[in-house]
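Multiple structures follow.
Both of the next two complexes hold chain A, though its partner changes from chain B to chain C.
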Partner chain A sequence: MEKKIKDKLKIGIYELTGCAGDALLILDCEKELVDIFKAADIQSFLMAKSDNIDGELDVAFVEGSVSTEREKKELLDIRKRAKTVVAIGICACFGGIQAAFLDKKDWEKNFKKVYGDNKMTHTKPLQSKPIDAYIKVDYYLPGCPIDKEQFLSTFNRILRGNPPELYRFPVCVECKWNENDCLLNKDILCLGPVTRAGCGSICINHNLPCVGCWGPVENANLTSEFQLLREKGFDSDFIKKKMANFSGTGIADFLGELKGEKR
Partner chain B sequence: MKKISVDHLARVEGSGGISATIDGKVVTDVKFSIYEGPRLVERLTVGKTPEEVVNIVPRICAICTISHKYAALRAMENALSIKVSTKVSLLRDLMHLGEMIESHSLHIYYLTLPDYVGFPSAIAMASKFELEVKVALEMKEFGNHIMKTASGRYIHGENPVIGGFGKFPTREELIWIRSRAIQFMPFILKTVSLFCELDYPDCPEEDTVYACCHPDQNKYGLVGDEIMLSTGEIINKDDYKSLTNEFVVSHSYAKHSRYREKPYSVGALARVNNLGEKLKGQAGKMYKKYFNPRWRRNPLFNNAAQALEILYAFERIPKSVDKMLRLSSSPIAEYTKKEGKGTGIVEAPRGLLIHSYEISDGLVSYTDLITPTAQNAEDIERYCYIAAQKLLEAGDEDKIKDRMDLVVRAYDPCISCSAHMAEVKKAPAEDWKAKLAAIKEKAPPMFVGVGNRNRSDDGAGVELALELKKLGVCDVYLESELEKHRILWEYKDLRPLILFDAVDFKEAPGKVTLLPLNYVIDKTRLSHKILPFISMQMRYKHLKNAYMLGIQPESIEEGTKISRPVRQAILKVLKEIKN
Partner chain C sequence: MRIIKLKKDNLSPFLEIISVEADLWAPVQKGDKHVFKVVDDFSKVELNTTRTILPPRKIFLPPTFSMFNISEKGYKEDLSHIKKRILFGIHPCDIHGLLILDNLFKQAYLDPYYLEARKNTLILGLSCWPDEYCFAKSTNTHIIEEGFDLFFTDLKDFFLVWIGSSQGDDLIRLKPELFDENLTDKDIQTYINWHTERDKAYKWSINFTVLPDLIELKYMDPLWEKLGNSCLACGSCTNVCPTCNCYNIMDKQFLGGKDGKMIRHWDACTLEEYSEVAGGENFRKKRSDRLKLWYTHKLQAYISKYGKPSCVGCGRCIATCPVDINVRTVGKALLGEEEDAFWVRLNMEVTK
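For the complex of A and B:
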C-alpha cells in the first residue's frame, strides 16, 4: 500500500556539470519510475518535474562534477539540507572526463584556449573536481553512467535505512561470470583488472576492451596492471593516458607515485 | 527594472536559465545562460588516439550520446579514409533511430505535454492521461532497447567503433525490434495527431533560417555530407564554419552561433521545414494533413515536428531491419593512415551536430565540436525577447515567465551540451546608468545623435550629441555626418556604438532607456532613415555591440522647442557620459 506522504523519505536528485546521464538513467527506469515516485517523496528532480522544493532532505543524489562557483554553493547547500549524500556517476565520484587537467595551471591554459580572455559574467569557472573535494560524501554509486540494477538496489536499501551493497571487485570478475575470453591474453589493452565492476563487463561482451569508464576499483592494483601492460609492449605514456581518460582524481595518487619513481 | 527569470529550468536535460529584464514598458535584455560548468572537451581530447576520443566525446551528453558517437565516427572515418560496410551503416542508422525515438518521446510526452495540459510533471499527469503516459514510457523504453541492442548500453554504449561494430545483434534480436516497431503503429499515429493538434500559442511568431543535414538520395534522413538551409543554400560539411561562426558570450559556457550575422534554428522543426516534402508513407500523409505556414515561423511547433519524426523512425525501422537481415556481418575495417582532417555531421534529436578533427602522427591534434543547443542559443534568446515584448505590450506581464519557459523547452535544449530556465527581472530605477557604465568599461564607445530638430523633442538625440561635442568628448557624430565620413563603413573594431534618439516607449516623458539596438530594429519602434542605413551598412556582428539610448519624448510636433522633462534627461545623460 502507498505510504502517507509524511512517512516517506524526502529525496532530491541534483545535476552538476556532466552529461546528465545518471539523472537520465533514473528516468530510464521506465517500469520502476512510477514506483520510485510512489515509494519516496521526490522533492527535487529538475529533469523530471517543475514543482521542485529546496527543503530538508533525507537523501540527496548528486551527479556531476563541481565546475563553477555557483555549483559549489549549490552543493554546500545540498549538504546542509541532506542527512545522507550519495555521489552518483563517475563525475561526482572522481571528476570524470572533465577532471583530466589535474594540474591547475594546465587547466587554466586550456580554459583560455576555449574561452579566450572573455570575462564570464554569470558564474566563475572552477577546475572540475569530484563532489568530495568540497563536502563529506556518505556513499558512492559509480558508473558512466550508473547501472540501473545497482541504482534500484541502492535506492531500495537506502529507503529502508540500510547502506548500499555495491560490487567491490573489478570488471574481470563479471567478465569471468560472462565466460568471455581474456583480451589481455590476446595482447589487447584492457582496463578490466583495475576498473570497478557493475557494468556487467559490457565492452568485453562485445569483443571490445574495457576503457575504464567506471573509474578505479577500491584498492586497484594499478602498479601491477601498469607493469603487465609495459611487458606487453605498450608505451608507458600511452598506458597512463588510457588509465586517466575517465578516472580524474581517482588516479591522481598513482600518477604522482609514477612521477616520484622517475625522479 | 524588473527581471523575470526562470533560474532553474525544469524538465530540460541539463542546467540553464533564461532571463528577461523589463524596464517599464520595454524589455531591455534577454539572456539564455548555461550554468553547466566548462568541461573543455575540445581540449582534453587533444593528444589522444582517435579510438579514445570516440570513447570520450559521447560523454558530452547522455541524451545525444549516440549522435555524438555517430558524428565522431563519421569524422574520424573521413579523416582516416575508412569505408564501412552497408550493414555497418544500416546498424548505425538503426541505433540513431532508436535515440530519436527515445529522445523525442521523452521530450514531447514527459517534458512538454505537462505544460499544455497543466501538470507539473508527467508523473502527476498520469492521473488523467494514464494510457498515454504508460504507452509513451513503453515507446521510450523501446528506443532505449534499440540503442542497447546496437550500442551495448542505454547510455554511452561502446559497441560502435571506428570501422564497424564490436558485435552485431543477432537475427532474433533484429526480428524482435522489427515486429515490436510494427505493433506500436496505432499509438504512434495517435501521438502525431495529439501533438499536431495541440493549441500552440501564436506568440512568438517570426521568420528565421532553418539548417539541417542534407541527406543523400534526395530522401528524408538524419545524416549527410552537406548542410542545407531553408534559404536554398547548400554548404559542404567541411565548410561548416561558414554556417556556425561560433563566438563566446559572457553569460554562458556554451558558445553561440550566427549565420551571416543572423540567428538560425536547428532541430526537428528545421528538418521538417526543409525536408518534409520528402516524407513518404504515413509520415508523408500526416505531413500533408498538418503542415501549415505557421510551422515556419513558430518554434513551438517543434513538438509537432518531433511527433512526426517519431512516426518516420517507426516506419523506417522494419525496412532497415529487412535490409540488414539479408547482409552478413563484416569485420571491423582496419586502417593504416596516421594523418588526416575530417568532419562528420549528423542530426542529433535536437539538431545539427558537427564534429571535426585533425589527426597527426596517430593522435588527435585539433577538435571542434558544435552542438545543436549552441546553434539555437541565439534564436532562443530572440524568440524569448519577441514573446516577452509582445506579452508586455498586451498587458500580460504575468505570462512572460511561463511563455519563455515554453519556448526554451520547445527547443529541447540539451543543456549538457555544455545548459535550468526562465527569469523576469524588473530593472531598478535609472537602470540605464549601470548599463552605460558597463558598456563604457568594455571599450570607449562611439556616439551618434539621431533625430529631426524641427520636430521638437525628436531633436533630443542630435541635441545631446552636439552638447557632447561641445564638452570635447571624442567620437561623437551626427546622423548627417555618417554618410559623408563613411564612419560606419570603416567601423571594423568591436567598440560599442551608442545611438541617441527620442524613442516612443509609451513611458513618462524624459524617461531614459538603454537597450540593444537589434531590439529596436526588430521592433521597428522608430522610423528614422538611420536604421535601415545602419542595418544595411553594418554587419550584424557589430550590431551585437550597438545600443540605443532612447529618451521618451513629450511631443514631436513641428517646432524646435525641447520640452522640460526631455531637457532634464539630456542633462542627466551628459553627466553620466562625462563621468
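For the complex of A and C:
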C-alpha cells in the first residue's frame, strides 16, 4: 500500500556545476522512476519537474561542484534545510575535472586565459571545489556519472533509515571479478588500484585503462602507484595530471608531498 | 585406477557427447590469456594453457551471487547459480586448490552454496607443462591422485585417461568405442618419458618446509613494512588465488516493496575494510599487517593444521601482482635471498 504523503521523506535533488549527468542518470532509472516518486516526497528536482519547493528536507542529494558565489549560497541554504546531505557524483565528492587546478594561482591564470577581462555581473566566480569545502556532507556517492544500481540502493537504504552500503575497495577487485588481464602489467597507465570501485570496471572491460573517475579509494597507496608508473617510463608531470584529472582535491596532500621530488 | 587411451581426434566428439546434459566449462582464449568459460564450440577449447586468469573456484562460488530471496513471508535459500556442470581442462594444481577449499567449506558449518555446486560438477583434469611462474613441484601439487572423475594426460598423439570415479566411468560408457583399453609397452614408455621431462621443466623451486618457522622467526622483521609500503592493496593476489575463500554479504532491498536479496561477494583480507568492525575500529589498518596475515595463513597456519601449505604453486600471484609481491618474492625474502626482489622501486630515486 502506498504511504501517505506526510509519512514520506522529503527529498530534494540539486545540481551545481557539472554536466548534470547524475540528475540525468536518476531520470534514466525509467523502470524504477514511478517507485522513486511513490516512495518519497520529491520536493525539488529541477530536471524532472517544475513545481519545486525550497522547504525543510529530510535528504538533499547534491550534484556538481561549487564554482560561483551564488552556488555557495545555494549550497549553504540546502545544508540549513536538510537533515542529511548526500554528495552525488565525482564533482560534488572531489571537485571533478573543473577542480583539477588545485593551486589558486594556476586557477587564476587559467581563468584569465578563458574569460579574459570580461566582467562577471550575475555572480562572482570561485575556484571550483567539492561541496565538503563549504558544508558537512553525510554520505558520498561517487561516480561519473553515478551508477544506477548504487544510486537505487543508496536511495532505498536512506529511505529506510540505513546508511549507504557501497564498495570501499579499488576498481581492481571488480576488474578481477570480470576476469580482465591487468593493464598495468601491460605497461598501460591504469589508475585502477587507487580508484574506488562501483563502476563494474567498465573501462577495463572494454580494454581501456581506468582514469579514476570514481575518485580515490580510502587510503590509496598513491606513492606506490606513482613509483610503479615512473618505473614504467611515464613522465612525472603526466602521471600527476592523470591522477589529478578527476579527483584533484582528493589527492591534494599527495601531490603536495611530491613537490620536493627528484627527477 | 583404470587407465585407458583416447586418440586426440576423439576428444571433441567425446566432449560433445558428455555436454548434452551439462554445461561444459573449459579454458578458452581471452586476449593473450585464458579463462574458464561455458563452451559449445569445442574447437575453441584450449589444450595447451597454463593458468587461467581466475581460478576454477569461480565456477563453484561466483564473484557475486544471491544467497537468499527475501519477502514478507521470510527468506528462502537461492541456489539458482548451481547447475549440472562438467569442468574440463583443470590442471593438477587447481584440483588441489579445490581439495583445500573442500576442507574449509566442510568444517563446522557446511557451506551449501559451495558444496552443492561441487556435488553437481564433474572434474575432468588435464595435464600441463610449466612456464616460468609455475612452482607446483615445490608444493607437490604437480601430480594428482584424487579429486577428479577423469584425468587426461596429454601425450601429443593421444591421451592417457585415468578413471577416478564411477561417475567418470559413466561418461566413458556413453561412447566406449572412442577409447582404447589396450595400452602397449610403447605407450607406457611414452608416458614415462613425458613424466621425466615434465618434472625437469620446472624452472624454479622454493623450500616450503622451512617457511612456517621463518614466518614465526621473522614476524617482526622490517621486511613486512617494506612490503606494506609497496603493496597497492588492490586485492588482486587474493582474487586470483585458488585457495582464497573469504566473502562479504550485502543486503539488497528493492525500492517500494519489502522484497530483497542477500548478495554474497568475494572479499579479500588484503583489503582495508576486511578487518574493520562495528564502530569503525580496524585491527589491520596497515597494509603490512594485512600482507602478514595473508602469508601467515598460506605458508604457516594452514600447514600447522593440514600439514601442507595453502598454496598450490599455480603462479597466479606472480603473474598478477603489478608490484611483484607474491609467494616467490616473499618466500625468497623470508629465506634471505633476493630480499629486495619485490620492490626495487623503493630504492629508485623517483620521488624523494
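Rule of thumb we're sticking to: the second predicted complex is superposed on the first by the 259 of 263 C-alpha atoms of A that agree within 3 Å, B and C clash if a C-alpha of one lies under 4 Å from a C-alpha of the other, contacts with A are read in each partner's own complex, and residues count from 1 in each chain.
Basically, a residue touches a chain if its C-beta (ideal position, glycine included) is under 8 Å from a C-beta of that chain, and two chains touch if they have at least 3 such contacts.
As the structure is a computational prediction, the values presented were derived from the model and not from experiment.
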After the chain A overlay, clash or fit between chain B and chain C?
fit
Using the superposition on chain A described above, determine whether A:Ala252 touches chain B (first), chain C (second), both, or neither.
neither
As a test of reading the superposition: which chain, chain B or chain C, is in touch with more residues of chain A?
B
Which partner does A:Val211 reach: the first (chain B), the second (chain C), both, or neither?
first
Using the superposition on chain A described above, determine whether A:Leu152 touches chain B (first), chain C (second), both, or neither.
second
If we overlay the two complexes on their shared chain A, which of chain B and chain C does A:Gly21 touch? Say first, second, both or neither.
first
Looking at the overlay, what does A:Asn219 touch: chain B (first), chain C (second), both, or neither?
second
Using the superposed model, measure off the angle between the directions from the CA centre of chain A to chain B and to chain C, in steps of 10°.
130
Where does A:Glu165 make contact in the superposed view: on chain B (first), on chain C (second), on both, or on neither?
second
By the touch definition at the top of the document, which applies to A:Ile188: first (chain B), second (chain C), both, or neither?
neither
Quick one: classify A:Ala133 as touching chain B (first), chain C (second), both or neither.
neither
Upon superposition of the two complexes, what minimum C-alpha distance (Å) separates chain B from chain C?
12
For chain A, which residues lie in the overlap of the chain B contacts and the chain C contacts?
207
Give the list of chain B residues in touch with chain A in this complex.
8-15, 33, 35-44, 47-48, 52, 55-56, 59-63, 65, 106, 110, 114, 120-124, 126, 137-138, 140-141, 144, 152-159, 161, 165-167, 248-253, 415-416, 420
Listed in rising order, chain A residues that touch chain B in their complex are 15-22, 24-25, 27-28, 30-31, 33-34, 37, 46-52, 65-68, 70-71, 96-98, 100-101, 107, 110-111, 113-116, 118-123, 125-126, 128, 144-145, 148, 199, 202-203, 205-208, 211, 213, 241-242, 245-246
List the residues on chain A that touch chain C in their complex, please.
32, 35-36, 38-39, 152-153, 155-157, 159-160, 165, 168-170, 172-173, 176-177, 179-182, 184-185, 192-194, 207, 218-219, 221, 223-228, 230-231, 236, 258, 260-262
Touching chain A in the complex: which residues of chain C?
30-33, 35, 53-54, 58, 63-64, 229-236, 239-240, 250-256, 265-266, 268, 271-273, 287, 319-320, 322-323, 344-346, 348-352
